[in-house]
Amino acid sequence: MKNRNQRTYPLWMAAPGMLIYVVVFIIPTFASFYFSMTIWNLKDATFIGLDNFITFFTMTNTRTALINTAVFALVTCLVKLVLGLALAVYVCSGIRSGNYLKIVIFFPYLLGNVVVALAFRALLEPAGVVNQFLNAMGFDAIRWLTDKHYALASCMIADIWKGIGTVTIILIAGICAIPKSYTEAAAIDGASPWNIFRKITLPLLMPSINTVLTLCLIGGLRSYDLIQALTGGGPGYSSEVLGTAVYKLFARGSYGLATAGNVILFIAVALIVFPVNSFIAKREAEIS
Amino acid sequence: MIKKRSFASKLLEILLVAMTLFTHWLILYFVIITACKNTEDAAGLTLSFPKEFSFLENLKYIFQYQHSALLRAFKNSLLITLISIFFLVLAASATAVIMQRRKGWLSRFSNKLIVAGLIVPASVIPTYWMLNLLHVANTLAGLCLVEVATMFPFAVMLYKGYISSLPTEIDEAAVIDGCGSLSLYVRILFPLLKPITATVIILRSVLIYNDFENPQYYMSGSSTQTVQLFVYSLKSAWTTDYGHLFTAAIVVSLPLVLLYIFLNRQILEGMTAGSVKG
Amino acid sequence: MKKKLALALALSCTLGLAACGSPGTSSSADPGTESSSSVSQEPAGSLAASSDSVQFEEDQEWNFEGVTLNIAHSTTGEVGDALQAQLDAFSELTGCKIKVELLSSNSEESVYTLEVRAATGNLPDLFQSSIGAQLDKLDPAANIYDLSGQDWIRENVASSYLDLVSDADGKAVYCIPLTTSNVAGCFYNRKVYEELNLEIPTTWEEFLDNCETIKTSMDKVPVVTPYSDGAGSQILFLSQYYYVWNEDPGFAEKYTNREVELHDSETFMRGLRKLNDLYTKGYQSDDPLAVSFEKSAIDLANGDAVMTFSRTNIMSTISNVAPDKAGDIGFFPLPDTSSEVRGVATWMPVAWCMSKNIAPEKEACALALMEYLTTGEAIDAYCQVTTPTGAFMLNNVTLPDTISDAAREAQEWVAKSSTSVMEYSCNIKGSNMVTILQMAETGEYTPEEAIAEIEKDNTIDAQQKGVAGW
């Protein structure tokens, strides 16, 4: 029996895919642990122990980048989740424009990050449309991209604008999968809409929320191109994230140090994403 | 009570729809209207109509720019997307079939490796180092390899999820009918996977076409430039020449936007299917 | 007077001053000249002058039908078009095909691109590269074709340039100049200066006084500061190096060997203090991080701003955006403490290099192209597209009449007192230099804090490069 199973599903059929994956993804990932502890010029690597990591944590910009990355990932993730959830619940309540809203909100997903960054840069320029609007309303113009208090927030707004569609669509699918009979029964029993949402919809939606949180956190921690094209990490280090800091080091030829930055990102993702995942899995188990 | 709620609900609906006018349509309008202006007019960054309609001039300019670098970039982006997707679909579906159906520690181990790949960010420079060892650094082939490898875990998970819903009796019947393992996959299983293959194609080609980071790291240099890199390079070359910049942005985004206009239902459905956990 | 002029001419020759026009090519046999003469008001007018110019040897059999050269450069804008015109002309002359690949116009990105390609043996046949200490990154002995054996190289290329692109013992020669040199200093609007009766400042004190006068008497920005631009935010700081060098010509070497610290040199510190002055006294643009290089050129030309610290390439932008205003712009060096000591820092032209691993069947063609690019004929092709703003660093060529006054004034300073900026003699430069300067320029850092950050950043860079003693 076992033999027939192995004959019907031979390993060589999985080999091409796994080979590419292991050679181009897994091996470099393991290699990065070694190279992050070297001074490396792509040809020769000199082992220096953990010095690169110490350097990475003492450099002004990379330290700021670590904090900014965490803030960026958490804030964009939460905002997308809350807004997306509200939208999804509302769209699923059977409104007529639901389809229209879905289509419009999802649209930015189709655009490249560079294109989105370009559009936002023009909108947020000192004399751009947003400030023209603020002026017309009697407010002072805001230096969206060149004031250190606003630059990171501007990047987050652009990222949320682009990413909220995906979140909403996933949550809508999750809500639609909940049998209508559950909520209808509760409504007949006199439960308020808020209670229905809290006691029925939300627990049943946990798998989708888990997916969304994981996707958004990973995406947020890895975010690079949108910020690079919008502010380049500036002004100062106010919107520097790991992605932009690593690229800067990379461009100066500090490959070992840049790889250390990559490994730190790797660890950060593991530290944040795995606990979030297991926490939600536990909640899920408790509820059901 | 019920009547009042439905009124509030209607109002909310109208507000929401009206809001999309500002958050989405206005931005779209601004980009299009700016692309229709000449450099001087566009520099005003206003929402007003163009003084003279310059879209065609802008279009001509960006297509001729640098001996039609844009056309070459389009060709590259198209090639990269098609080649990567082709191999991704073949490799991921075959691997998923084996991993889902075959028993044993190897399948379980591969599964762990692939789940890890869903979460772990790729390490950039060691990947470059590997491409170099394989003699495909800075080539289209090298970039395609990277795209296939990074998209692989997600695609395998999607396929696995779908295959687990196919009864094993199908396989058994085919084997009894004399199907070898290859023809089982090619003639029986792969056709059954059509819906999920469509999802993989739709979701991943958007990502590959719009990818900026991988081409920037692994294909630096413009003989093999992609459209996203092209727009980025314009950004530094023309800093504030928004008329031309936005014309280029529109042209580059057009293929996917057109696709979305005609296939939005399928794309949204694919998105939903793709989000179901593997 | 005559003597002075002769001296200046002699100097400009030895320094390889800007050259547009190679009189010898005015013979009708030359296709380049024929087309140029049809364009009036172009630099080609200077072709009529005569001197013993270097001429592309027409009797030589150069037929490269069927050869395709791969060329990579990162020059855009009018200068990029000028390069293309040169390549097209060569292509027409010899029948070879040229495939051009445009590298990122961000210099750090393109350096990285070439570096990894050099490390992996994938360099294009001909490519643009930075020179000086930055050239070392490409490991020239292993990757770049040695041109020292070519008979034309010492004849055509200025020796001061060859010094920068040769190996340590001066034997191998790796590059030829690709564009013109760049001189950094203060560009000012003469009309406003006349209107306010301002004198050209010879010390930083006088400079600040002028700013104060401008600020109080009219609604104009005294110094437009294009700090959104990576280069724009470094110019003043980097050009202070002339005074550092003037005080101690061995400074860069000592710093590389870690014998001096940057903050020990008060002269070096003054660069940061000057930036700080502009900020604290409110003489710079309102939102400097939003001001682009192009905007600074427009404002200066229109007189909305009165001065800017820039390089001579700003003149090519001005002649692009406000052609009739180029004559209103003047030049003076960055002033320092003494009116007796004034000078400018220069950027040498970036370079063309040839790959050492070039295919044998392409070698002759590539060498012919390199030679062609150092001749007056190629310079003619260049000048038909754009007016040069600095020196080509080629021998035996004269300045075209159309060169702007400001660029000419800048070149006079090059002849009088100048040095090339520190990065040609010291490869240590941290990855955050631009950001740190931008923060110093917007009051985030005091000069002392900024220098501490720069030193910290540089230390990391030196360690990552494995520089001895760090």
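For reference, chains read A, B and C in written order, and residue numbers begin at 1 within each chain.
One rule holds in what follows: contacts are C-beta pairs under 8 Å (C-beta built on N, C-alpha and C of every residue); 3 or more make two chains touch, one makes a residue touch a chain.
Since we're looking at a predicted model, the values are computed, not measured.
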Specify the contact topology among the chains shown, as one of line, ring, star, complete or other.
complete
Counting contact pairs per chain pair, which pair wins?
A-B
With centres defined as the mean of Cα atoms, the chain at greatest distance from chain B is chain C
Whole-angstrom distance, CA centroid of chain A to CA centroid of chain B, is 16
Note: chain C sits from chain B at a C-alpha centroid distance in Å of 41
In chain C, residues with contacts to at least two other chains
109, 112, 116, 119-120, 228
Among all residues of chain B, those touching at least two other chains are 128, 132
Going through chain A residue by residue, note those that touch at least 2 other chains and give them in order.
42, 125, 250
Complex interface listing, chain A residues touching chain C:
39, 41-43, 46, 55, 59-61, 125-126, 143, 145-146, 148, 233-237, 248-254, 256-257
In the complex, the residues of chain B that touch chain A are 9, 12-13, 16-17, 20, 23-27, 30-31, 34, 45-47, 87, 90-92, 94-95, 97-99, 101-104, 106, 110, 113-114, 117, 119-132, 134, 145-146, 148-150, 152-153, 156, 171, 175, 181-182, 184-185, 206, 209-210, 212-213, 216-217, 227-228, 231-232, 235, 242, 245-246, 249, 252-253, 256-257, 259-260, 264, 267-268, 271-272, 275-277
Chain C residues within the chain A interface of the complex
108-109, 111-112, 115-116, 119-120, 137, 228, 287, 289-290, 429-432, 435, 438-439, 442, 444, 453, 456-457, 460-461, 463-466
Chain B residues within the chain C interface of the complex:
66-67, 69, 128, 132, 137-138, 220-223, 225, 233, 236-237, 239-240
So, in the complex, the side of chain A touching chain B is made of residues 2, 4-11, 13-14, 16-18, 20-29, 31-32, 35, 40, 42, 90, 93, 95-97, 100-115, 118-119, 122-123, 125, 127-129, 132, 161, 166, 169-170, 172-173, 207-208, 210-212, 214-215, 218, 221-222, 224-225, 229, 246, 250, 255, 258-259, 262-263, 265-266, 269-270, 273-274
